[in-house]
Amino acid sequence: MTAPRPAARNEVRADIHTLATPLVRLANEPYYHATGDEVEVFAAAAGSRLPVMLKGPTGCGKTRFVEHMAWRLKRPLVTVACHDDLTTADLVGRYLIVGDETVWMDGPLTAAVRAGAICYLDEIVEARKDTTVVIHPLTDSRRALPVEKRGEYIEAPPDFMLVISWNPGYQSVLKEMKPSTRQRFVALDFDYPQADTEARIVVHEGGVDADTAQKLVKLGGLTRKLKGAGLDEGAGTRLLVHAAQLIASGMAPATACTAAIARPLADEPDTRDALDDLIRAVF
Amino acid sequence: MTAPRPAARNEVRADIHTLATPLVRLANEPYYHATGDEVEVFAAAAGSRLPVMLKGPTGCGKTRFVEHMAWRLKRPLVTVACHDDLTTADLVGRYLIVGDETVWMDGPLTAAVRAGAICYLDEIVEARKDTTVVIHPLTDSRRALPVEKRGEYIEAPPDFMLVISWNPGYQSVLKEMKPSTRQRFVALDFDYPQADTEARIVVHEGGVDADTAQKLVKLGGLTRKLKGAGLDEGAGTRLLVHAAQLIASGMAPATACTAAIARPLADEPDTRDALDDLIRAVF
Amino acid sequence: MTAPRPAARNEVRADIHTLATPLVRLANEPYYHATGDEVEVFAAAAGSRLPVMLKGPTGCGKTRFVEHMAWRLKRPLVTVACHDDLTTADLVGRYLIVGDETVWMDGPLTAAVRAGAICYLDEIVEARKDTTVVIHPLTDSRRALPVEKRGEYIEAPPDFMLVISWNPGYQSVLKEMKPSTRQRFVALDFDYPQADTEARIVVHEGGVDADTAQKLVKLGGLTRKLKGAGLDEGAGTRLLVHAAQLIASGMAPATACTAAIARPLADEPDTRDALDDLIRAVF
Amino acid sequence: MTAPRPAARNEVRADIHTLATPLVRLANEPYYHATGDEVEVFAAAAGSRLPVMLKGPTGCGKTRFVEHMAWRLKRPLVTVACHDDLTTADLVGRYLIVGDETVWMDGPLTAAVRAGAICYLDEIVEARKDTTVVIHPLTDSRRALPVEKRGEYIEAPPDFMLVISWNPGYQSVLKEMKPSTRQRFVALDFDYPQADTEARIVVHEGGVDADTAQKLVKLGGLTRKLKGAGLDEGAGTRLLVHAAQLIASGMAPATACTAAIARPLADEPDTRDALDDLIRAVF
Amino acid sequence: MTAPRPAARNEVRADIHTLATPLVRLANEPYYHATGDEVEVFAAAAGSRLPVMLKGPTGCGKTRFVEHMAWRLKRPLVTVACHDDLTTADLVGRYLIVGDETVWMDGPLTAAVRAGAICYLDEIVEARKDTTVVIHPLTDSRRALPVEKRGEYIEAPPDFMLVISWNPGYQSVLKEMKPSTRQRFVALDFDYPQADTEARIVVHEGGVDADTAQKLVKLGGLTRKLKGAGLDEGAGTRLLVHAAQLIASGMAPATACTAAIARPLADEPDTRDALDDLIRAVF
Amino acid sequence: MTAPRPAARNEVRADIHTLATPLVRLANEPYYHATGDEVEVFAAAAGSRLPVMLKGPTGCGKTRFVEHMAWRLKRPLVTVACHDDLTTADLVGRYLIVGDETVWMDGPLTAAVRAGAICYLDEIVEARKDTTVVIHPLTDSRRALPVEKRGEYIEAPPDFMLVISWNPGYQSVLKEMKPSTRQRFVALDFDYPQADTEARIVVHEGGVDADTAQKLVKLGGLTRKLKGAGLDEGAGTRLLVHAAQLIASGMAPATACTAAIARPLADEPDTRDALDDLIRAVF
């Protein structure tokens, strides 16, 4: 496909500038413990210039994994947390009146395309529907982003990569992905890490000894069995690290687990009692 | 019908310019394997200046077919992916304040009409209702686009052609096309290509040998039988090409099929297991 | 009723200009075959300055009839295809900032009132409710259009005529017309033309011989019997003309009927098969 | 209550002008035939400075009655047809940027208050809820209109009078009037005029002889018995006048009644047949 | 709590002016007949700087009571009738572009806070939810109004008092007050006045003799027993005063009661007949 | 993670200033009586730079606790009462046109991040969904706030702390917190204080003697048992203080309890009677 040919008419292009979008370049390796072939598949998809979709529950390391891969592939990273009101303009950019001048401001997606960065759209199904359509031409053989408001058609450089995530576990039926969007991505399933892996993460990030970490991981595993039986989701690794940090700062383990694990998970008295019992059983 | 007569009053027409919309002219033949008389019908409709509607499931080649026909008919192509928030103004154009000047910017539909291009509105029923009405005068004997905000009435040149697509398979009942819109189009049904045709596409686009391609096509066919039994849709040709690309880059076939075919299709554990069984059976 | 008296206070009237709305004056007689007393009733309503409502299914000639009557009565015609987002401002007009000047732009209804034109609001019930109210003073003894944003009260000249259409067949219950709106119009019911009339239309517009035209009309009639039994509506005359045009360009009749009649009408496999059987039976 | 005291601070009041709202002063007596004590009650309410609510079916003369009373009381009249999107700003006014100046434009309600006019809000329950609240201070002992955007508090002159109408017959349950609004008005029930009165109206306005008028009134009465049995409402006097006008222009009575009475009332074939039978029985 | 410390950075404060909000100072005592300890409780709440909530049916004197207390406490009064579209900006204020200057306009709540007035929010639950939150800091120990758009934090003077009203009788379940809002107010229940009190009000405000007033009060009491049995609410005192005013202007009592009491209350024929019977029984 | 690298292109940064957001620094210790280990957990979370979520019913002291902790930790406090219409821009900031200059105004969250303050988002689930997403990067290892409209990426200083509250008791099912948000916080459960603690609060804040305070606390406890049996929630401590203040100003205890406790809690006659019985039983 040749470069797009602009319609030949009198072109008046506004004096356009571009404000900066934060492109993060990670200097140090983000700590990540692989649990399968996810590093290889992600790298191969990057090599084949295919977009990637990460699926899995809260707090199992999807965001950390993308940071790790951005560091490993030496590409800048742009992260966008999607939400109900996120529009195409929020991703692609908009005009802004600054003084007496009209300035175009690239959105994070456009900035990532121009820079050959990894663009990570976290929980994409939360966004408005127009956002899932705007990524279509970036996810097929065109690999291009039409910026209609500027009459611009940006072909993505080879290093640009689109990554999206979603959590099939608690998304409502109104927030399903359409097949015409799903079938554009290589996909990876994520789950909680295995016990010894998770314990090593808790030691590394929470600053506690291995024995405490193993107890916290055991507690986490018990809460995950309550999923569907009072809890929407079990404790993610993040909660175990929070509890470890409080313990490391001198708090009694049971107090720390109550504040960092049990209370964030449950509001119902019965479930709260069940979680308190689990804490007493482990510590 | 004579050219429209503007109401004779003091006309103050803003100093209006037009920004460029990306009109793509395809230099090389897009790979497309015809499966019926679709090329002839499309060409005849183009000759009779009738608009065309493409119907069929995800990933069966509708977009590629339009690119192929644009190349074959030597016309520029404007593609618009429709979505919930696409309005008439997004298609027709809007005024933009640039510095101290008001600039009119043609939308993609207007640009296509002016240029005598093929305008392809992908998944038209996703758009807001006003967009389906704005195409009415372009799809009957008037073949004209009223641009009300500029007081302009553009008669389409003979080469302008409107093409729309939709997927009756998974559209909700709220997204039906009204008879008064449907009955303006010549229509073509699309389906997945036949096995040998699809295998040739996978070899051509995925870079694998014929044997691997046939296995991938076999796997694709098995997933399509799961439609309605756990899957919203079976794997489109695109997914088979993705798997082939990962295999061609050195990945084990089963790993590639899991990441490129099984994971994008299904979230439910039972369906995922069924797909894994299919992969093990084929490879 | 005397001319409205503006409130006497210091009047600052913006320097207001008016952009052009496309008023079509038809130079040649639009082809129309009367099927009852519709021409007489429309002419009498025009003479008595009463508004007219056209009711009937898709593609039975309502729009063509209005064009024909505009030509016959030698009045300019303004056509507005109504839709879900059509507002009063879209009909009446709005202010536009052009350079450093505020310009008023008449909407199509206002332009038609000023010019003494026929204003045809196609599928009025699709529009937002405010639009049905704005036409009230134009449809009773006042015959006036208050343009509140300009503080203007335009009395319609004798030649102004308001025509609306709707299709009671498939409008949802949410899109009913209120009695207070309905009871302002003289109404005409439209239906498909009789077989010989329709065949003459197909010959005239589709460029086929009489025998082919009769077969197409027969096929059209058969599809109309499927209304409610798989189809929302049968094929309008327009679809028969499309098929004729494809046949006239050299396509086999069955192929032409499939693409121009069967595929636009139905998506369900059973209905599609039934339509294919009809085509085989006729050709 | 003393005149409102503006908060004493540095007041910068924009250079504000007011555009004209159409205030109609009726020079000739609008034809109206009283059917009860409505003239006396309205006049007494006007004398006691109480607001009035008119209730009744479509086309029974509410609007004409208000025009008649405005003429009789020698007050200017402002009529607003309410609808789903009518907001407080549409009634009270808004700022408008004209050139480099900000101009305030009184809405019709504000204009009516300043001028001591009758303000008639037709079908008030159709408007947005904020509009029903803005009239509250005008309908109690305050008799004032706060124009919050201008910081103005306009006390109504003695001749200002607020009149609203609604049709309890077909309003949806979502469009009920709240007791806190209803209990601010003196109310009058309207119904179709008695046969001889209505015949005199049809003669006067439709230009037919007494015999034809009586037949039309008889036909109208028959349709009103179909209310609830196929019709939402029977024919209002307006429809009878329309039919008379067509007859007076030379059309056959049955044809005129079909176009002016039967077709506007009904879409369902059964109901249409019933109406046709009625026409044949009368003429 | 110390005065808020603005963040120390380069402060550019727009040249801000404030337009006037109507603050009413009542010169004469508004007629009010106390029915319990409401005057004492209101005065004590004012002394303790606590906000007050008035609850009760339509037309039982809540608004009049607030006016009376404002007069008695010698404080200015700002009244806001709340509705579905009332936003925080409507209460707190907004920026307005006037000529080439940006002017801040205090909303009625802000104006009341600055002036130490009583701010009466009538039917608060009708307003949008953000309005109920903006009053929170004014109703606890902070007694302050953050005006976020100006970066201003206004501490209320001792005389500022917030009063709200609502009618629990006919509010929908969607318009409940949250406990976190309710539990900020001292509350007073209002009901219709006792018969002799109400008769004295009707004599005073309606200008009739005591005997007529007693009959009107008797009629009002009878309608109140129909609440839930055909009526949403019985006649408020206001309606009795309206009828009295019409009688005082010379109208027959039965006619006046029909127009001022029966017709505003009921639309259903059965209920209307029941009310007519009551009128005949009393007069 | 290194400081974010802005994309290197021609940067035109509007002349940007920042208006002040009210940062409150508390000079005197806000009265707070700890009921468990909440002070220790909050301080440890602050030390570990973890965000905190406070859960519990209306009026149990959550807001006071945050004020107390802000005083204790010697950090400024920014409080935002969340509501249905609170958007990201309300929290993060927006551009404002002031004269001929475009000025950026930090929202309260951005101001708190820059100042190293405690930002307290009260009833966060009431806000729009985009607001819960904007706090995500502030609540994980990034501890940063991307201000996309300014192209700014603010890393939070160590003293910044995010605190949110919600009341699981009466939140609707539509206002649940997603696990991906919940699992970012250390959580604390709040409940009403114990009787002797609460009595001391009532003495301190309400100005009554210990005996009256104990009776009020007893009454409060009785109302809390009615939760679910007529009341959405029992009386919070705030209501007991209100009643004490009225009593301290000289009102009879029963009158004060009716106005300050019973009336704000209940509208239903049965519940109101039950509360009146409780008041009579206690006093």
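By letter and in written order, the chains are A, B, C, D, E and F; residue numbering begins at 1 in each of them.
Criterion: a contact is a pair of C-beta atoms (placed from the backbone, for glycine too) under 8 Å apart; a residue touches a chain by one contact, two chains touch by 3 or more.
Not measured: the values here are computed from a predicted model.
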> Which chains are in contact with both chain A and chain E?
Replying inline: F
> In terms of residue numbering, is the interface formed by chain D and chain E classified as same (over half shared) or different (under half shared)?
Replying inline: different
> What rotation angle superposes the Cα atoms of chain C onto chain D, in degrees to the nearest 5?
Replying inline: 60
> Just how far, in Å, is the C-alpha centre of chain E from the one of chain C?
Replying inline: 50
>> As a quick test, compute the distance in whole Å between the mean CA positions of chain A and chain D.
In response: 58
>> Show the residues in chain E shared as contacts by 2 or more other chains, in ascending order.
In response: 97, 100-101
> For the protein chains shown, what form does their contact graph take: line, ring, star, complete or other?
Replying inline: ring
> Order of chains around the ring, counting from chain E in the direction of chain F?
Replying inline: E, F, A, B, C, D
>> With touch defined as at the start, can you tell me which chain F residues reach chain A in the complex?
In response: 1-2, 4-7, 9-15, 37, 40-41, 44-45, 47-48, 50, 53, 55, 87-88, 95, 97, 100-102, 128-130, 132-134, 136-137, 140, 146, 148-153, 168, 178-180, 182-189
> Can you list the chain C residues touching chain B in their complex?
Replying inline: 17-28, 30, 57-59, 63, 76, 79, 81-86, 90, 96-101, 103, 105-108, 111, 114-115, 122-123, 126, 167, 170, 232-233, 235-236, 238-239, 242, 245-246, 249-251, 255, 259-260, 263-265, 267, 272
